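One chain, subunit A, appears in both complexes that follow, with subunit B as partner in the first and subunit C in the second.
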Partner chain A sequence: MTRINLNDLDPEFKHKIAEQPGGEGLKACFACKACTAACPIQPLDKRYDPRKIIRMALLGMKKQVLESDFIWLCSSCYGCQEVCPQNVRFTEVMYAIKNLAAREACIPPGLTVQRSLLKRHGRLYEVGDFENDKRLKFGLPPIVEHPEDFEALLPDQSVNNTPNHGATT
Partner chain B sequence: MKKDVLIVGGGITGLSLAWELSCLGIQSILIEKAPFIGGHVSQFACKATQTCQRCGACLLEDYLSKLPRTNNIQMLVGSRIDSFSQAGREFNALIMQRRSGVINEKCDDCGLCEKVCPAEGALFKSPLDSSLHISNEKCLKSKGISCEACAQICPQGAIELEEKNRELEIQSSAIALCTGFTPFDASQKPRLGYQRVPGVLTSLELDSLLRAENFQLPQSSDGLKSIAFIQCVGSRDPKSGANYCSQICCGVSIRLARLIKSRHTETRITIFYMDIQTFEREFDKTLDQTKNDMMFVRSMPSEIRSGEDGRPEIIYHGNDDTKQIVPFDLVILSIGISPRDPDLPGSFPALWKNRDGFIGSEGNDVAAGHPGIFVAGAAKGPKSITGCISQSILAASQIKKYLDRIKRGE
Partner chain C sequence: MEALLYLGCTVPVRNLNYEVSARLTAKALGITFRDLEEFGCCGFPLKSLNVEDTLVTAARNLALAEREGLDICALCNACAGTLNEVAHQVRTNPETREKINQRLRLIGLHLEGNVRVRNFMRLLWEEVGVEGIRKAIVRPLEGIMLAPHYGCHYLKPSELNVGFDSPETPRTLSEMISATGATVVNYPSLLDCCGGGLLGFSEEIANAMAARKLEDVSQSGAHALVLVCPFCNVMYEGQQKKIAKSTGLDLKAPVVYYPQVLGLALGMTSEQLGFKLNRIKSATLLKIVEG
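Moving on to the complex of A and B:
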């Protein structure tokens, strides 16, 4: 069991999550474990446990939550949200937490790469001559990349990948 | 007919209120919609093991034996308020009484009618005195089908299917609503398998099964017996519109579990809960004793499904941090208390409704939101049997004060 130093906790963390769209229900949790029992990820990776993430957030373990890589494991299946009697809407809470993490610049490298691909090419895969030559053979029009909109949407941002991410991905 | 108080509802609250009023010398008339009095409590089993578990189910029989001793109470079964008006401080209610199709004085309980009846549940017995009644909703006759099978076969001529309605006008100075509750409809939570997975029952169903004598628990082929109780089904559940604790279900489940354990010592009992609430005094001591006899798991199941061997399977997150899929012989959903529509005519004055949909204010008073109208028991909010009775006593004293004020002309 790890010790939690109260001085390291951020009492404002739960309010910050609850302020985000979708995060409103966080504080209603009774810790009944129905969400964890419904979660398809938890049996595969014990670190991703909805009930525990809620407890960590309520305790104010901001660093441990936002800098972790397990928060990105959510499959967005909404199973937890379905079974929750208290209307916590945990999948939405996870989006709120992930948005906070992104704002605090804690994004795993995989997502950082996707972001830069999106910004550079306007899509998640680069379309080069190889693809367009093949399309031509099948009589399909070539794909022209339009990254302009995404350039405006995704301004430059310094992204620090935490050592934690580097170790597991 | 002139009475001091009109009591709506003949459950434990209505009966105890009528008795308390009678002790204060107040004349009352009690109307009950069902063909017999007793309400929900008449379905509950005595949960005594070697010792009394103080469930309160026997208190109903207490009142039923006390009530004939007084002349201050008149009771009408099969009745509802058809129309309503008010003149000054005087309420005027027109009561419609539907007579039961079975004349109980003539019936000798031969059972022939039940054998020929094509509609299941149309003929049913009162859980209190086993008298036979016809359900107005389920009888084919009420659906416009000309079936008279039961009346034709009855050798005693005890069944009269011709509708006999009686109207009765009652003037009263006060009205007490003791309309009780509706048990939470567990099929609203399909994931818990009620009416979908065999072997899943509600606590109310188990209670009435245990009330019937010689009840044996269903046994699986390998002789193993295991029962699971799921708490908070329809309580503390804002998603189902029940953002309150029903207060009784923990006590009911633990008493039922202890009763089963005392009759079948080899049965393994598991109670799934999120928060055990013991509202009664000293019940925490009972809980401590219980903890050795059964397993308490702090986890709400995500799903109850039918297993390969036909038994219900509970999927939950265990105390050892792993997902568990465990089969049980019987799963009991501990259902909560939901508000009930009191079935009053449109001309009835508007009443207060509290945050959870029950009649009355948020506080502990018995005012219903209109001078002269009172509310008590589970109609006002979730309550145990003893809780209902103590609120009746409060209501009786408040009604007495109100009637005295009227008499003084205030």
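Moving on to the complex of A and C:
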């Protein structure tokens, strides 16, 4: 087991998470572990353990949480959220943690690629003649890209675009 | 009834069998879909980066629908879930609504929050009903065994699905499968998550999550696994051969979309319903139904 040096902990970390949209419920956790029992990821990768992530956050282990690659393993199934007796809403707390990580530490490269695609096309996949010809063969109406709103809707300063260490691909 | 058909990003490019069968079956059951060219991404893919980006991206679609005065029907579980969640927040949280409208103003839109979002299955359940489906069947799928897969965002978060279905004991998809005359196959991993949400981060874990259900369904005697979400499809159909190879499991689980089997029972042909785009072929199923 790794020792934790109290001087490395950030007592503000839990408050910071709780200030994010969706992070509000973090401090209500009383460590019953229902979330972990409901999680389909935890049996496959022990590092992704909802109860443990909450304890790490409450202790102030900011670096170990935000710079880890396991925070990106949530499948967003809402299993933890459904069983929580304290209404922590852990799926949403994970989004709050990932948002903080994206701003302050590291982003898996795939996510920034998706964001720039979205700004360029207004959708995740580019739709060109090839796709629309195929649609036409099935009698389906063409898809017309409308990217014009997304430059204004998604300003660049809202995420840290520099790829950093620690993130898996 | 009339609704705006929300296609999202994946279905209109990669799952034309789902789109074409949904449009055909809806029409046959008295639902009029209208297309809105301006619809864009639902915002779900941005949520890990910035929740507020998801809010405004979803809200843009909601505001466009509200301007048309029509409800939204989404085919993808993740799109339906995200749009529904944001509509719920806008309705219940005036502060969020104001924040969203500040950004929407930049593109000349405004959102009150009156638009209702349902996935296609909920629309069928509430607007046509199981009895309505049963009455419309002209070719009951007798002798066909089908395994349902709901998908997480069909059922959860449950606060968004009050009055529709239960995350622990779901029944709507099963009952709508029964209504076609087919037999519903129950299997142990019915409620499992497909793993699609983390395919981009760990293919190994995602595949391990999907493997259990594929194994259960292969052993259950079902002629097909019935889906309603393109994300789940990526795992169960797109990854199936890879999973079989890496695990050594003998997987043979044809994958179909619910409106495809519904369409067969409504008398449509497998060709009309886009079955040739299904990559794990439902040969036995189609042989029993079409001969």
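Couple of notes before you dig in:
Convention: the second predicted complex is superposed on the first by the 149 of 169 C-alpha atoms of A that agree within 3 Å, B and C clash if a C-alpha of one lies under 4 Å from a C-alpha of the other, contacts with A are read in each partner's own complex, and residues count from 1 in each chain.
One rule holds in what follows: contacts are C-beta pairs under 8 Å (C-beta built on N, C-alpha and C of every residue); 3 or more make two chains touch, one makes a residue touch a chain.
Only a predicted model underlies this, so the values are computations on that prediction, with no experimental measurement involved.
Of the two partner chains, subunit C is the only one touched by A:R135; subunit B is not.
By the touch criterion defined above, A:V127 lies against subunit C but remains apart from subunit B after alignment on the C-alpha atoms of chain A. Subunit A is touched at more residues by one of its partners, and among subunit B and subunit C that partner is C. By the document's definition of touching, both partners, subunit B and subunit C, reach A:G79.
When the shared chain is aligned, subunit C comes close enough to touch A:L154, but subunit B does not. By the touch criterion stated above, A:A96 is placed in contact with subunit C alone, subunit B being left untouched. When the shared chain is aligned, subunit C comes close enough to touch A:D45, but subunit B does not.
Overlap of the subunit B and subunit C contact sets on subunit A: residues 79, 82. Note for the complex: subunit C touches subunit A at residues 7, 9-10, 12-14, 16, 19-20, 23, 35, 37-38, 40-41, 45-53, 55-57, 60, 96, 103, 106-107, 152-153, 156-158, 167, 192-193, 195-198, 200-202, 205-206, 208-209, 274. Subunit A contributes residues 20-22, 40-41, 44-45, 69, 72-79, 81-82, 91, 95-96, 98-99, 102, 107-108, 110-112, 114-115, 118, 122-125, 127, 131, 134-135, 138-141, 143-144, 146-147, 149-150, 152-154, 158-159, 168-169 to its touches with subunit C in the complex. The part of subunit B that touches subunit A in the complex is made up of residues 191, 232, 236-240, 274-275, 298-303, 315-317, 321-323. Against subunit B, in their complex, subunit A makes its touches with residues 28, 30-38, 42-43, 46, 49, 51, 79, 82-87.
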